[in-house]
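Heads up, the next two complexes both have chain A, just with different partners, chain B and then chain C.
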Partner chain A sequence: MAFQILLNFFLAFLWMFLQVSFTSTTFFVGYLIGLIVIYGMRRFFSTRFYMHRVYAVIYLTMLFFKELIMANIDVLKVVLQPKLAIKPGIFALETELESDWEITLLANLITLTPGTLVVDVSDDNKTLYIHAIDIADVQDSIESIKNTFEKAIMEVSR
Partner chain B sequence: MRTNDVILQTVSKIVFFIIILFSIHLFFAGHYNPGGGFIGGLLTSGAIVLLLLAYDIKTVAKGFPINYITLIGIGLLFAVGTSAGALLFNVPFLTHAYDYFYLPLLGKTSLHTAVLFDTGVYLVVIGVTMTIIQTIGESE
Partner chain C sequence: MTVISEWLIVIFLLFGSFLSLVAAFGLIRLPDVYTRNHAASKSATLGVMSILLAAFLYFYFIEGHFSSRILLGIAFIFITAPVAGHLISRAAYNSGVKLWEKSVRDDLQYKKKEREH
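Entry: the complex of A and B
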């Protein structure tokens, strides 16, 4: 991925030299042309076209903001309830993520979203222990975390 | 015996971009400087031929799943379309028009319908060259 970005920069500079115009506009036009050419050549690279990953990062960010807003509304509801009808608990989440930064990112995203909080990570980095405000539907929360955050993170790092 | 072409393949993968960028530059330079659709198209197909030399026909065909014969048709359609478009404005066949536009990024740019005609030439040249080379290459 880094290689493709570097190549794209190099192509933008090459375009500037070809045009004999050293402005940021020419650089940007060259970058766009380079992007199109790299897109055409994407099957010759060992990694994916890097714009997929840029898109995945943007998607993950938007997902995070959406979940953040939802989480705070959920907590607001719990706080404003006259009767405390919650049942807190801790459950384990098996994760397929491997590298350190992926797990850190997942843990932070879980902590910042709907009524869940990462308490601990197992020594082999395979299991996350999560405290939930309402444990009633553990399977559901595992599924939703797996389907949203873990998938989105894997989309970024794969 | 098949030798390991890894150096040739890696270098041509990078050089491909330089050639392609230069061919696009030549294509757009055509109006005010030496260049144009023909040389641009030839240089583009030259870049693809370089990949053909480094890899084999199958790999390149998988990399660019383009039917070059269709490309000739599209190019001819571009040329005929821009030429015939003149008839809609009650001017003779092949009359071109241009005007100055303010585009984002590019600033004041003159857009000329001859560029569309040139695109047709560009596509036909790529299509013809690649068809010739691939047809010869495929026959045993």
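Entry: the complex of A and C
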């Protein structure tokens, strides 16, 4: 991943030296050409073509913003409705993610999701304890967290 | 162009201040520290972010000044606010703050009991 980006930069600089024009436009053109070259040579690398991962990161960021807006509408509804008809509680969520930064990212995503807030992470990094503002549909929220967030994070780290 | 951007600025400002108001209202109204944390960590994040975005758009379109510090501020708030919410609720739980009495489920208490044994 990092090696491919470095190689792409190197190819862009090579293009600048071939053109004898040291402007950002030439760099950009060289970068695009290097991208095509790396895409053509992708079977010689041990990892995937790195643009897949860039796309996954952009998708994850969009997901972050979408969930933040949904979460706010949710809190708005709870706070402004006349009767406080909520059933809060803490439930456990098993996660398949392993490295520390993945779990941090997942915890941040869950905290910004409608109606959930991470209270604690178990010592072996296998379980997240999540406080839900309305626990009636725990199974649903576990499913949706697993399907959307975990998948999106795995797409980045795979 | 200026008219559109002016409207955008107004909408972002009003939306942000409305969300901050709702966050404050939620702090008063919700029953225990965890549910209050929901209101504080979500509504306040998006509220402050949209107010900052309105400030950025104002300086960019009306004054013609690109303020990258505001963008950095938005990014930092976006990263740090959920972590702060998590730490506060974790500290509250570990120091023994009770859940609201109408709470229906608490998986974390088993973990705590295991640790005490």
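Points to keep in mind about this one:
Please note the rule applied: the second predicted complex is superposed on the first by the 158 of 158 C-alpha atoms of A that agree within 3 Å, B and C clash if a C-alpha of one lies under 4 Å from a C-alpha of the other, contacts with A are read in each partner's own complex, and residues count from 1 in each chain.
Convention: a residue touches a chain if its C-beta (ideal position, glycine included) is under 8 Å from a C-beta of that chain, and two chains touch if they have at least 3 such contacts.
Only a predicted model underlies this, so the values are computations on that prediction, with no experimental measurement involved.
When both complexes are superposed on chain A, chain B and chain C sit side by side without a clash. Once chain A of one complex is fitted onto chain A of the other, the partner contacts of A:Leu7 are limited to chain B, with no touch recorded for chain C.
In the superposition on chain A, A:Thr25 makes contact with chain B only, not with chain C. In the superposed three-chain model, the partner touching more residues of chain A is C, compared with the other of chain B and chain C. In the superposed model, chain B and chain C sit 140 degrees apart as seen from the Cα centre of chain A, a figure rounded to the nearest 10. Once both structures are overlaid on their shared chain A, chain B and chain C have a minimum Cα-Cα separation of 22 Å. Across the complex, chain C meets chain A through its residues 19, 22-23, 25-26, 29-32, 34-35, 37-39, 41-43, 45-46, 78-79, 82-83, 85-86, 89-90, 93-94, 99-100, 102-108, 111. Interface residues of chain A facing chain B in the complex, by the touch rule stated above, are 7, 11, 14-15, 18-19, 25, 28-30, 33-34, 37-38, 40-41, 43-44.
Of all the residues in chain A, the ones that touch chain C in their complex are 64, 68-69, 71-72, 75-76, 78-80, 84, 86-92, 107-108, 111-112, 115, 117-120, 122, 129, 131, 133, 135, 138. In the complex of the two chains, the chain B residues touching chain A come out as 13-14, 16-18, 20-22, 24-25, 51, 62-64, 105-107.
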